[in-house]
Amino acid sequence: MLQQTVNGIALGATYSLLGLGVTLIWGVLRVLNFAYSQFIVWGAFGTLIAIENHVPTVFAVLIGMAVAGVVAVFVDMTVMQFMRRRGTSEFALVVATIGVYYILSSVAQDRSKSQIETFPIGGFPHGSVDIGSTSLPSLQLLSLVISVAVMIVLGYWLNRTRLGRATRTVAYSAPTAELLGVNSRAIFALAVFVSGCLAALAGIFNAADSSTLSYSDGDQLLVVAFAVIVLGGMGSVKGAVIGGLALGLVQVYTTLYVSGVFSNAITYLLIVGVLIVRPNGLFGVREEARV
Amino acid sequence: MFDWLNPYTQLVAAGILVNALLVLSLFVVFQCGVLSLATIGFMADGAYTSSLLATKQHWPTVPAIAAGAVVAAVLAYIFGRLVLHLRGIYLALGTFALGQVFVLGIANFTWTGGPGGIVGIPVDITLAELVFVVLAVGVVFQLVHLSFVGRALRAIRLDERVAAGAGINVARYRTLAFTASGFLAGLAGGFEAFQTGVISPDQYSFVLLVQILALAMIAGSYLWAGSVLTAIAIGVAQQYIGTTDALAEGLLYGGLLVVVMILVPNGITDPRLLRRLTFRRLRPHRGPSSPPTSEASPSGASPLVIK
Amino acid sequence: MRFRTIKIVTALGLVSVLAAACGSSKSSSTPTSAGSSSSALPATIKIGVPLDLTGSSEITGVGTGEWAGVQFAVNQINSSGFLGTSKIDPVMFDTQASKTEAVQRTVELISSDHVSAIVGYSLTPSFLAAGPIAQKDGIPVMAVGLSGAGVTEVGNYIFRELLDYTKLYAFGDPQFVKATHATTAAYLYGSDTVTTSGQYAARRKLLESLGVKTVAVETITAATTDMQAQLTAIKDANPDLLVVNVDTGQVPSVLVQLGESGITAQYLGDTSLGSAVVTGNPAAIKAAQCGLFTTPWVPTSTAGGNPLFVSQWKAANNGQTPDFFDALGRDAMWAMATAIKNANSVNPSQIRDALSQISGFSGALGLYGWNNPAAPGQPTYGGVNEQVQNGQDVPWTSSTTCTK
Amino acid sequence: MTGASTVASPEGLADVPAVAIENLGKRFGGVVAVSDVTFALSDETITGLIGPNGAGKTTLLNLITGYLKPTSGSIAIKGKTVTGWLPHAVAGMGVARTYQNILLLDSETVATNILIGCHGALQRRRLVTRAKEWRSRPGRDVVERLLTVLNLREVAKDEVAQLPYGMRRRVEIARALAASPSLLILDEPTAGMTRDESDEIGRLVQQVRDAGTTVLLVEHNVRLVRAICDEVLVLQWGNIIARDSAERVWDDPVVRTAYLGDMEGQESETGPAKQEGGTTNAGA
């Protein structure tokens, strides 16, 4: 039982990382980005290729993050910014991200010849850390530490730094921020880059956990990310971490007490349930339209 | 009626028409500003209901398909009432999860055949029947488009507040559209099941949803005929282009989607193709020479929330 | 007004078949009289090859491998003059793991391409949708990679290359249970595919009939990336055997996480333990140490024509060792060619009859045939028991020892 | 029990006020926008609602028309309590309005925008009538009349987004009138209009009243309020501080100090903006 709770937290740690990236994009850009699933994959592929070329694992991870970050910024600067400038509807933006997803996915598919690739995990922490009677796999412990650290850094960045305040201003209203002398394009790019890095990190942890990597790995993770931000409230940094951990725990308890068959279904039921009861998520802020 | 076509062509044509029904199922909610991603779930409901009725209760095909569509519509009505009060992206996510719940539910019940699905569904739908159904649906759409109901639906998409102020019951019209969307998806699911003879939960996939969504967005939310024509045009193009190279396919269709969204974000049937036009605004629109507002108000947009 | 599509398909199919038969006998009579050979075969023999190459990436290794095997066989058949001057023309379609696509393509193969036979299908659902069409039109099918049940039951025109998995388990599992003295078993299976859930059900029934008590049943789905919860539950149940039937693509993930979990139960897997996804993954193959499985084929097998196949494959593919799916595709096409040669005709029903009489077929999977009257359409080869030892699959007997 | 079906003949309800509001209050978090408002409108009159920016005028309109839910108090329209009703239901009671920030279907034509206003009447038709009127494009007669009345005929087929501000205001008024409301609520209908245009609107509003409609008018244009209103309500910090006839209300010293100050006779609305921010303290 205690062990299973630890399992849930460990599972939730990666989910939190996923949620943090998506919540950042949503909070700043107000876009639900389906291409995010491919940022996850491209980041992991970047790391894979680096490891295959004998780059030490730590640097390979950084390279993977940079790859995903750059791809995310490239997509944002070409497609998204163009559409934003034209004031396109949020639906069209979402569908455009689906188009981008399709393109990136087919490139990754072509690169891997549709095969599942082996992801070398020699350089990643392995074994588990015993805490009392329970044991926590080192990899998950690392992702938990990283997601909490990312939450703290993001929180500090957004709340305490000049740049963070500028980001929040841009998130609130880009034109207002421009009037105040903030370069909203640079802020957008920064937020997108960071969120791409987080996507890559989640993808790398996922690949290291299973020691495999395929071009379609991101799809399931994207759904998880959506569930996390719905639970935590879209745009909430703290909510993403708590939502991720909560989802991990719920999935583990469902597996334990009901059946692993329903651990998927429970994710979706949670999304529907939370939206019906609390349309803006557990930690979200109410949005009121006005006349 | 279509005997002069070879059987393969008939099958492809039928497949395209099933797609057209699915696109219409998205269109009917798009036209009142709802981005519903539940269509695939309702399609599965319709397909399973009709297939179970046909294989277990030995219903004839036509009543079975009709029953499947009705069941999907009833489910859409019930769940629509639960999720339709959500806004924008939240609604999209809610409907997406709803659709997945249906598919996963079907996959995990034993009486639906579990992951194996249902085999031995009679394969006796003709292309002529499908053409007739699509035409009939088209006639209904055209009548609605011309009537005050169609106008009300469009008004809701363009501005909910205006619609409500004019006495349009936004919730009721949305529920109506959502129910119709469920009905059409159920119909499409039924027709598809009676064409392939075998169904299983895995075919109601995210990939299918993305394809249908792409067609619907390219078609736009103004004219139903655009949905049907887009489904047919892209379906025919697909036959000619071929589908062997995943890279070429991804670049082509993904690129098409991006380009269309950039150039005509409201689809090819947008009456004001090149004009700025939003489905629904989160903030009040300001006219060209509007005086500034100063009334105290809660903020329209939520900033990043930290603590 | 209410025509049944399938009737039209059938009628057109039969007409086309007749036309093809007449056409072929006419066209072949001329060259025969010229005296090159006594063959009644046309210059090109069209054989449909619908395989699932794309779709979810988990299965793509299957379809591409089978297609490579089929192409390999076609090259051999055509260059060796096995069918005299006739050449096999494979009409390939990617059915994209979609039932609709499988049905459409099968109809196209039969009604537009007028194929004489079909060698194809990677996935049971695709086949279950499309198979009945071929059966009704009387086109013989050699199903390449289907492991599920209910394939040959579709009709007498359906043959399978791969054994029904229940047959493999019935072969190996009793030996494993006896050798390990196991009394309890835990099961981990993929609940969202018909193959893996069917494998679990068949295996559990078999093991329980052998007196092995079920102490835990855990499931994963394609969406599962982390299985700690399932593995902890299995660890708590402390079984003698851990029976794993999950999608091939997920096997490395299961193995790697199993390695970290501290579970000591004997691993009982399936053919996926011998697949490239596992053997090519150092972390996974290390964690699979001592894992047992039964497979119809291993590269090192010396049965039938396998040594020749492996050496020829290596020669043609830069020294690469063939995998299981290559072998399946190769044997399926060769079997069809053999039936055509034996029938000396491209008449589908004659090919079918010839197929059902093949025996002593020297293929990669051994020396076998399809002539077992007790199991029509099923191949007659048996299984090979294997164990993973130090990163390699080695033949297993009850006296084999293994240390973790 | 007065049903929505009586909309067409409000004359029959002379003894019931078109709208009666009791102790109405609305707060947004800690901010009190409307504190405790009680009034009733007399039938077939034009009532002006004035007050400085931030006084809560638009909030009050939004409460009456159902766009906001009151925190306290009740609203009755023609004797029927509609507190907490949604906008479409209130509209169904014969209430039509315009908005401070013009709300139109930007991508649609002027004619279509007006036609939207007819929705209630079209929806109330019986099925048989609907079938009969099928080919005659129901509602067009109303639209034709309003296009003439509001001088919009030339732009009938134009997209409203491209029209100048004053014209957009007129389209909005036409849409409200298309519903043939028993209570017409206008939120700054002449903002951004020339003097001639606003005089025209004033005459139109009077005609509407004479045809039997009660009008509630929020307006900064004091000259217009003076000219056409039968009665004036003065709102400040969410409270009604004065209620009198259009001639006498200006003499009230409370009104003078609170609102009018030195701006009497001006049409500008820049003056009262100084008092903005007072709302935060009002009634707290």
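We call the chains A, B, C and D, going by the order they appear; numbering starts again at 1 in every chain.
Keep this in mind: a contact is a pair of C-beta atoms (placed from the backbone, for glycine too) under 8 Å apart; a residue touches a chain by one contact, two chains touch by 3 or more.
Everything quoted here is computed from the prediction, not taken from an experiment.
> Which chain wins if you rank chains by how close their C-alpha centre is to the centre of all protein C-alpha atoms?
Central chain is B.
> Per the definition at the top, count C-beta pairs in contact and tell me whether A-B or B-C has more.
Taking the two pairs in turn, the one with more contacts turns out to be A-B.
> If you average the CA atoms of chain A and of chain B, how far apart do the two points sit, in angstrom?
Roughly 28 Å, centre to centre.
> Report the inter-centroid distance (CA atoms only) between chain B and chain C in whole Å.
Once rounded, the distance between the two centres reads 38 Å.
> Just give me the whole-number Å value for how far the CA centre of chain C lies from that of chain D.
Inter-chain centre distance comes to 75 Å.
> Just give me the whole-number Å value for how far the CA centre of chain B lies from that of chain D.
39
> In chain A, what residues contact two or more other chains?
109, 114, 223, 261, 264, 290-291
> Using the touch rule from the top of the page, what residues of chain D touch 2 or more other chains?
Residues 58, 67, 99-101, 103.
> By the touch rule stated above, which residues of chain B touch at least two different other chains?
Counting only residues that touch two or more other chains, chain B contributes 108, 161, 246, 277, 284, 297-298.
> Which part of chain C faces chain A closely enough to touch in the complex?
Listed in rising order, the residues are 53-54, 56-58, 60-61, 64, 191, 218-226, 228-230, 232-233, 249-250, 252-253, 256-257, 260, 262, 277, 280-284.
> Quick one: in the complex, what on chain C touches chain B?
So the residues of chain C touching chain B come out as 1-6, 8-9, 12-13, 54, 94, 96, 98-100, 103-104, 107-108, 111-112, 125, 128-129, 132, 150, 191-194, 197-198.
> Can you list the chain A residues touching chain C in their complex?
3-4, 7-8, 10-11, 14, 109, 112-116, 118, 120-122, 126-128, 135, 137, 140, 206, 209-212, 214-216, 220-221, 223, 251-252, 255-256, 259-261, 263-264
> Show me the residue ranges of chain B that touch chain D in the complex, using the header's touch definition.
By the definition above, chain B touches chain D via 147-148, 151-152, 154-155, 158-159, 161-171, 271-272, 275, 277, 284-291, 293-298.
> Name, in rising order, each residue of chain B that touches chain C in their complex.
Going by the criterion above, the answer is residues 1, 3, 6-8, 10-12, 15, 107-108, 114-117, 119, 123-129, 192, 195-203, 243-244, 246.
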